[in-house]
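Just dropping this structure here.
The first chain written gets the first letter, and so on, giving A, B, C, D and E; residue counts start at 1 in each chain.
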Amino acid sequence: QAIKLADVAELSGGGATVGTNWKNGIDLAIEEINAKGGVLGRKLEVTHADSQSNPGVARAQVQKALDAEPYVLLGPGYSGSVKVTAPLAAEAGIAQIMGGEAAELTQAGNKFLFRTSFGQQSSMPKVARYIHDEMKAKTVAVVWVNNDFGRGGRDVVVKELDRLGSKVVADLSTEAGQADFAADVGKIKAANPDAVFVYLNEEESARILKELKRQGVTAPLMGETTLIGQKVIELAGDAANGARGHVGLTTDAPVELIKAFRDKFAKKYNYVPDHNGLKGYLAVYMVKATTEKMGKVDSKGFADTLHGLTIKAADEPGILMDVTFDQNGDIDRQSFLVEVVEGKQVVKQVLPKVK
Amino acid sequence: MSNLFDLLVAGLAAGAIYALVAVGFTLLWQTSQTINFAQGEFVMLPAFLMLAAMHVGAPFWLAIILGILLSMILLGLAFKMLLVDPMMRHGVLPLAIATMALAIGIKEAVKQFFSAEASPFPSIVPTGDISVLGHAVSLQSIGVLVVAILAVFGLTALLNRTSLGHQMQAAAQNPTVARIIGVPVERMILLTFLINAFLVALASLLITPIYLAKFSSGEVLGQAAFIAAIVGGFNQVRGAIAGGLLIGVLDNLAASYVSTQYRAAVPLIFLIVVILFRPQGLLGRAEERTV
Amino acid sequence: MSGFAKPLKIALLLAVVAGLIVVPMNFNRYGLFILSQWAVMTIAAMGLNLTLGYAGQVSLAQGAFVGIGAYAAAIMTTHGWPLPAAIVVAIVSSFAVGWVLGYPALRVQHHYLAFVTLAFSTLAFLVFRNESWLTGGIYGISNIPRPHIFGLATNKPLPFYYVCLGSLAIVSVAVWWLIRSPWGRAFMALRENPLRAQSLGVDTRRYTLMAFAIGSALGGVAGALYAPLTQYIDPVPFNLSLSLDLLMMVIVGGAGFYFGPFLGAMIAVLLPEWLRFTEGYYLMLYAIAVILLLIWSPTGILGILDRYMAARRTKAASALRAVAKSRLETAQ
Amino acid sequence: MSDPILSVHNLVGGYGKMTILNGTTFAVPQATITTIIGPNGAGKSTVFKAIFGLLKLREGKISFANRDVTNLSQRALLNAGICYVPQGRNIFPELSVRHNIELGGVAAKGIDLPSRIEAALDLFPALRRKSTQQASTLSGGEQKQLEIARSLLLEPKLVLIDEPSIGLSPLMVQQTFDILKSLRDRGVTILMIEQNARSALEISDFGIVLELGQTRMVGGAKRILNDPRIGQLFLGGAMEESAA
Amino acid sequence: MSAVLEVTNIKKNFGGISAVDGVSFDVREGEILGLIGPNGCGKSTLFNCILGQLTPSSGEVKLDGKTVTGLRPSELNKLGVSRTFQLLQVFPKLSVRENLILAGQEHQGNMASRLVGRSDAGLTGAADQMIGFFKLDHLAAEPAGGLSYGQQKLLDAAMAFMGGPRLVLLDEPAGGVNPSMLADLKDRLVAINREKNATFVVIEHNMEFVMSLCSRVMVMAEGKVLAMGRPDEVRKNPAVIEAYLGH
């Protein structure tokens, strides 16, 4: 009998790109695992439900998914949707592996919630430190997309920069889907910062990179995966050159397993995934590794087992990189500092696991 | 004030895009008294049709021709026959709602059958900037502006100066009487939607290199163009150009001088003010005499 | 409303009400959630039906009023106020804002009015998102409690469903009363011919403002229920697309028909859920279904019934004419 | 009676299930003015709609110039030489007065349109004065004039004109009737509906009384004018007595 | 007899055109005043200015000696002034009966009592009487939009009388109405005029109707008053014949 997983993700609405990547990652992982005989001899099965990027709908869908008593719940990706649904999963005693990155999600003492990537509380301080220490920026412009993702990152980074003594001279919110960044770049130019922190979705990153180049902004650019991902490079062309980013999880990481994953994914879906594709993929392998560690398919014991668990890529290649889960459901993993050089990502630094 | 000049240029560039999309809104209103809430999606789709054609190996020029033809068939002919014909008699709302549904349908279809990812799109205007008074102005924007102006002038001439144009307007204002005096109403309406389809295909071709091809890009575009059309004057094609440019500039000024968080509010407040004090829009024609 | 015999109508109505009370008792939590959502959306759509369907004032801002109600309820109940108090505040505030939004309707009509309200709707979204000191901004407000009604906790899905259903019942009766009163006729006069209405003493200004304010207040009620239903709100659900969805519910159900919003909300809330088995295609299919429905009957589902009724009525009138004719013939 | 150019036989039809025309039958001789009179709601306008293909008939046959024209399209009827001026307000409100008139010539073939437009404007000086104004700003009577002027652009064989006198000043009514007379003298057949029955019958050759969708009476205009029963029922007999 | 309505020097311009150009006149209580003039001379515009449908460019309107310029049409109607329209103005989707009830309901009680009171405001009887008088019985439940031209015209007139007005401004009530019915209508107007002492101002192009109904006739031309007097005087006035009547 198959092990049933339930996925609720942003398959339409504002988060459609995020959710679709996540879903494709999940499907790919399950296909692989099932082809190799499944988990503990049982096949995996997943149902996907669309949250329409709307917390209310997400709640309904998670409710529906939980009513069907899945083994583990996957998703959603939007932090707001995670916030509405996490109490439901906790109440049902079912582990939820999600894509949200907002800092507070794992700090509410929920014992059933797990991340697939860094929370902003762990990635943003690294970014801030890099801007301050390595870029030696006394003044920084911060551009962010005004949704929970962007706002969350911005809040942490601004706080950290402040603590480190770098001054935020321009704090610019932008809209999701914004096409015209001339005014924002004009403001950056006017503020004349030592560095610019860009925290937008991929397409918007590409657009602002082009505009920054057009207006001749020369200050170094720092961001996250969403600034220097392959997709951005494809869309922005040579405007992406020189941009740097902290990469927690990227298909561009200099890791053989990840490269292999990327090829598999691209072969199946005809495009190169962003980090959300990876998150979905990892979520399934987290289920596999945890279950095999328990040695049985036990929904109730799952969360306990995953807390404090370290999964090594050597044992479970699907996990791609060694990873450790703490008591809050946060993860610890290696990460990278990457710069775009002539349309290619070049790893400048490898940041080790914290612990 | 070089910064202000840059903002103006950037505003005009964005505004030209809005104008080009808004032309369709005003055209449809003037010649069929319909509102197409899927206009943004109509602009988004042809680029994907062209991309699809290139995917199966067509050269760019052929893809463009195929894209335009296909959109005239799908967004012109089929749209008119399947949606407009049964609903037009029942006033503005049912069709407006149907186009909202259509917008969802088109978006979902593109996402499902093409991709949820953004893709780059080749530009037929050479990329790069030219320098105007020492400020960089992108050739693509100039191309969009030129086409928008041409479209507005061409359509205005057609509608106001030719018998065909009068017949198109007559068919919209009073279809029964138009029929009685021999205006081929059906053909006029079809013509309206074919012109619109051609325009959106053209707009798609010019705008997508700037905006990127993405299933959701119609939303932002459609809304901005909608606002532009109203501000400029919904019942006159020429309103599109004025409204588009104005909204583009205003948006950029707002982003610079007001807060970026409330940037989107400024054009909207402007819209409300315009409607309250000059409901027909800046270049629109007043609807006169009701008693 | 219909040509069935009156007792039959009443029996049908009672059966439906009983069904809504009894059947969900065996529903799972998801089913109850969806049904509660239907009840809430029906209330909001009834408000819009009043403004748009009866009074003919096109509004693309109903979603914003749901937002106002939801935030009022969320802010108050998370600060320890009981839900009924929050509902009152939601009603009052959305009534007041709706009244103000009605003023443009005194100057402009039809599509122009639609555009003003559309702008308002987006402005409201920006306020919800940007004024984080009040609304929690993009992070929203979480842990919204569900009320105790007569000492009974409604935390569980079933009791809260009854809260929603009960509210729907109260609103339904109130709206029924309203549209059957001379007010309802005056609203229709605004829709049909405001010019003639004015010259017959219909205070079009006051009725227009009322139509907006009452319709908006119902939006507020819906919002005040939506917040404890989802127990978390952020600005995104109250953007323009909710207004458009509500508009779609009204038109698809049948604008200006009392039962239109019930059916419209059912289609908008339940149909996508039924179609979910088609996975990636469900929204596409939903869109196609809505389009087909409108092609079939541009006046909405109840428009079909109305056409049938009109046919019956003309039959009666035909008979009257025939009588007159035969009288004429015998006279000659 | 000369050969009928239009004959209407046993028309049955209405709106939805409601039957308005109950076997309406009459014939209109060529180059005459025929006036249809009858109470409000008798179905007079409905007959015109039926002739002009705007009403689906359940039964009946309409022939024009020895040709079956039942349920033909408007375009085809225009081409056959029938022109229709409906009752009520029938303008294109947002187009200028001149453009409104010009549109009357859409179905014209081989006619010197510009000169006809000028001729029409000459007949209605008020319209010439307001030719660039938006048509919706015209007064009620001026709008009616606009419609009549518009209908003069074609060279029809048969004009169906529904209550042209509504809203026109007595002077304009006279002038309009003069225009109709001169059209008849040029061989055009006129079928007119009028409630201003006395004046209309004065200039008519034939009259038709329609009631409840049936032809009650057909005959010479003089005869109908002088028929006492008709006078009482349809011409407002009482009105005459109390008139100053 | 005192003046119910006093109009002083009303002007109305549209852009450059002056549609009404300084019109002054009084209407005495209980009189029936005819208003005639060539097409486009400003009669309807004058009505619209008096009734608050248009704001006059200048001038003053007094009702019972009180200035009412600038009042809204609904306010004027509450004061007992009602009207009919030249172009068809009914509520097309409401039934004939509903049209008439609507026409009377705002004169019953106040806004609050109308919300809680009877849904027909007690007007069904009065409405049906009107329907009977205008021979619309078989159409009482039909939507008004499905009526013939003349029937809608009659309905419009009927609506003007539902609120029991004391001053009624009728804009071409006879246009399109069958002569027999017109005779009835005239009798009815005379009866209401006598019994209820209601005052009428009637725009009409139907000379027989005007001349036999009205006690005084005012003639307008090009926005100005051309003549005013008893019907037989006006009829003989050469200026009026020249501008309006013909022959």
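Definition applied: a contact is a pair of C-beta atoms (placed from the backbone, for glycine too) under 8 Å apart; a residue touches a chain by one contact, two chains touch by 3 or more.
These are the chains along with the protein names UniProt gives them: B, C = ABC transporter permease; D, E = ABC transporter ATP-binding protein.
As the structure is a computational prediction, the values presented were derived from the model and not from experiment.
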* To do: Enumerate, in label order, the chains that touch subunit A and subunit C alike.
  => B
* To do: Tell me which chains count as touching both subunit A and subunit D.
  => B, C
* **Centroid comparison with subunit B (C-alpha atoms), farthest chain** => E
* Structure fact -> More Cb-Cb contact pairs, comparing A-B against C-D, go to A-B
* Asked: In whole angstrom, how far does the Cα centroid of subunit B sit from the Cα centroid of subunit C?
  -> 32
* What whole-Å value do you get for the distance between subunit D and subunit E if each is reduced to the mean of its CA atoms? -> 28
* **Whole-Å gap between the CA centroids of subunit B and subunit E** => 47
* To do: For subunit C and subunit E, let me know how many angstrom lie between their CA-based centres, rounded off.
  => 40
* Structure fact -> Check: subunit B positions touching at least 2 other chains come out as 108, 261, 264, 291
* Would you please write down the residue numbers of subunit E that are in contact with two or more other chains? => 44, 53, 85, 139
* Residues of subunit C whose C-beta touches two or more other chains -> 129, 195, 280, 283, 314, 317, 321, 324
* Flag every residue of subunit D that touches subunit E in the complex, lowest number first. => 15, 38-42, 45, 87-89, 126, 137-142, 144-145, 163, 165-174, 195-198, 232-240, 242-244
* Asked: Can you name the residues of subunit C that touch subunit B in the complex?
  -> 58, 104, 107-108, 110-112, 115-116, 118-120, 122-123, 126, 129-130, 195, 240, 244, 247-248, 251-252, 255, 280-281, 283-284, 286-288, 290-291, 294-295, 298-300
* **Of all residues in subunit C, those that touch subunit D in their complex** => 310-311, 314-315, 317-318, 321, 324-325, 328
* Structure fact -> The subunit E residues in contact with subunit C across the complex are 51, 53, 72-75, 77-78, 82-83, 85, 89-94, 98, 101-103, 105-108, 111, 114-117, 119-121, 137-139, 141-142, 156, 159, 162-163
* **Contact set on subunit C toward subunit A in their complex** => 28-30, 33-34, 37, 129, 137-140, 142, 226, 229-234, 236-237, 273, 276, 279-280, 282-283
